[in-house]
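Shared chain: subunit A. Partners: subunit B in the first complex, subunit C in the second.
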Partner chain A sequence: MDYTEEQIQRYSRHFLLQDVGVEGQEKISNGKVLIVGAGGLGAPAALYLAAAGVGTIGIIDGDVVDYSNLQRQVIHFTADVNKPKVISAKEKINQLNPDVNVVTYQELLTSYNALDIIKDYDFLIDGTDNFPVKFLINDACVLAGKPFSHGGILRFDGQTMTYVPGSACYRCVFVSPPPPNAVPTCSQAGVLGAIAGMLGTIQAAEALKYLTGVGELLTNRLLIFDAKKMTFRTVNVKHNPNCPVDGDHPTVTQLVDYEQAACELKKH
Partner chain B sequence: MATYRLDITKEHCPMTFVKTKIELSKLKTGDTLEVLLTEGEPLENVPRSATEQGFKVLSVTETEVKGIHRVIIEK
Partner chain C sequence: MSKIIVNGQEQTIDTTSIQLLDLIKLNDVQQPDMVSIQLNGEFVLRDRYETTTINDGDELDFLYFMGGGQR
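Up next, the complex of A and B:
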């Protein structure tokens, strides 16, 4: 690939890295990442992936921008209120980096459309705020053999892990969703906006590591941080032979839509 | 084994090594790149960075033009 002078400058800090270089940047440029949810996690992830020059970024979200989003969903601006989030996000990505092809899906990810949508992507970022879709993303990725980054935030806490085929999946660790309404709603629980940036940015870094093959992914480890004390720890997790979706005797063999409380945000 | 040439005398850090790396990426193993650069920061950093990143710096010599140096790097 021949780079323009503008691209050479744009990606110069990647070219300089021994582990990325010209070859790694070409892998990033050829990469296709789907971001599920253009919210607190998806916003920083989308911005960093766009800045990095990921060739195709898909964004799926059925919501419109609300004033209550602006405290943490940094890809959306005040003037975007009432605009579909995928349109708002696409506009910012295009402004940040016109090299990126943005594909928008203004809808919810469901058991009906998930496999068809994810088949075009190399890596997924779970930027959702509710358990039913987190389990749906996990099951769809396991069934389709797609790597993804799980992420969740609440109050001052965040957690994330990366799945690649063969590693521990989200269900290996958290077997099934909690009952609907067993957890506080997001408006009751609250979240410090900046931790969305912390976690979504970790997820973007995992996507870039996957695309370039650099380093060791956050597989078979759950990273948990507490921003109040600013402590980070990783808990080793392993593939669960009794896992309902990728265990020895799977019971989840097709996608299901779990019943969902209006606005679940409680993490496990 | 082919030899390629690159003039980065008008570039500044870090574009000096960025341009060098991009040119090196087009070479085959064993090919050499002749880089013209200025003394000071480029002369200090480009050969060092090339060595750190696994390339072989074969020679560093001053050209007929004062302050312009020729660095030969093998991929």
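Up next, the complex of A and C:
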């Protein structure tokens, strides 16, 4: 790949990194990452992946920007209120780095479209706010053999883990979605905006590590942090033989749309 | 008395053993549905919380569902 003078400057800090270099940057430039949800996690992840020069960034989100998003969804600005989130995100990515090809999907990820959409990507980032879609992403990635980064935030806490085929998946740890309304979401319980930035940035780093093959991914480990105490803990997790999707006797063999908490559906 | 480790922290229990569901309550978990539990590195099925006994030296991780991120 021939770099222009501008690109040589743009990616110079990656070129300088011994583990990345020109070869790693080329892998990043050829990489395709799908971000599910252009919200609190997807916003910082998209910005860092765009800045890094990821060749193709797909963004799927059916929502429009709301004033209540601006406290943490740093890719959307005040002037974007009422604009589809995927359009707002695409505009910022293009301004930040015109090298990036942005593919937008202004819809929800469902059992009908998931496999068709994810097939074009190397790595997925789960930036969703609800369990039905978190489980859908997990199952689609396990069934299609796609790596992804799980992320969740609430109040002052965050958790994340990375899946690659063969490692413990989200269902190995959490088996099945909690009953609707049992677990509060950010829209009900609140979240410190910077927490979203911390976690989304970790997810972006995992995507870049996966693309470049550098280091050890957060596989078979769940990273949990408590920003009130600013403590980080990694819990080793292993593949669960009782896992419904990749255990010894799988019961989930096709994608399921779990019921969404009613209050969430009413919100928009 | 028995000593167990919950989320990396030592806890002392007055008895020699305790049912997992009672330990969940002791740890102020309001809804057992909200927590996934690893006992000595193996996940405990949610419907076995009532029948699983925790003994001296056991290590547990309480892992909570965390949504959030998009809206």
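Keep in mind that, in the parts below, the second predicted complex is superposed on the first by the 259 of 268 C-alpha atoms of A that agree within 3 Å, B and C clash if a C-alpha of one lies under 4 Å from a C-alpha of the other, contacts with A are read in each partner's own complex, and residues count from 1 in each chain.
Operating definition for what follows: a contact is a pair of C-beta atoms (placed from the backbone, for glycine too) under 8 Å apart; a residue touches a chain by one contact, two chains touch by 3 or more.
Computed from a predicted structure; not experimentally measured.
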item: Touching partner for A:21 - first (subunit B), second (subunit C), both, neither; value: first
item: Contacts of A:12 with subunit B and subunit C, given as first, second, both or neither; value: first
item: Subunit B versus subunit C as contact partner of A:237, first or second or both or neither; value: second
item: Larger contact residue set on subunit A - subunit B or subunit C; value: C
item: Touching partner for A:40 - first (subunit B), second (subunit C), both, neither; value: second
item: First, second, both or neither for A:61, with subunit B first and subunit C second; value: second
item: Shared subunit A surface residues [contacts with subunit B and with subunit C]; value: none
item: Subunit B contact footprint on subunit A (complex, rising order); value: 3, 8-9, 12-13, 15-16, 18, 21-23
item: Subunit B - residues contacting subunit A, complex; value: 14-15, 17-19, 21-22, 25, 49, 52-54
item: Subunit C contact footprint on subunit A (complex, rising order); value: 37-42, 61, 63, 66, 68-69, 126-131, 134, 151-154, 157-159, 172-175, 178-179, 182-187, 189, 191, 196, 199-200, 222, 224, 233, 235-238, 240, 242, 267-268
item: Complex interface listing, subunit C residues touching subunit A; value: 7-8, 31, 33-34, 36, 38, 41, 43, 45-46, 61, 63-71
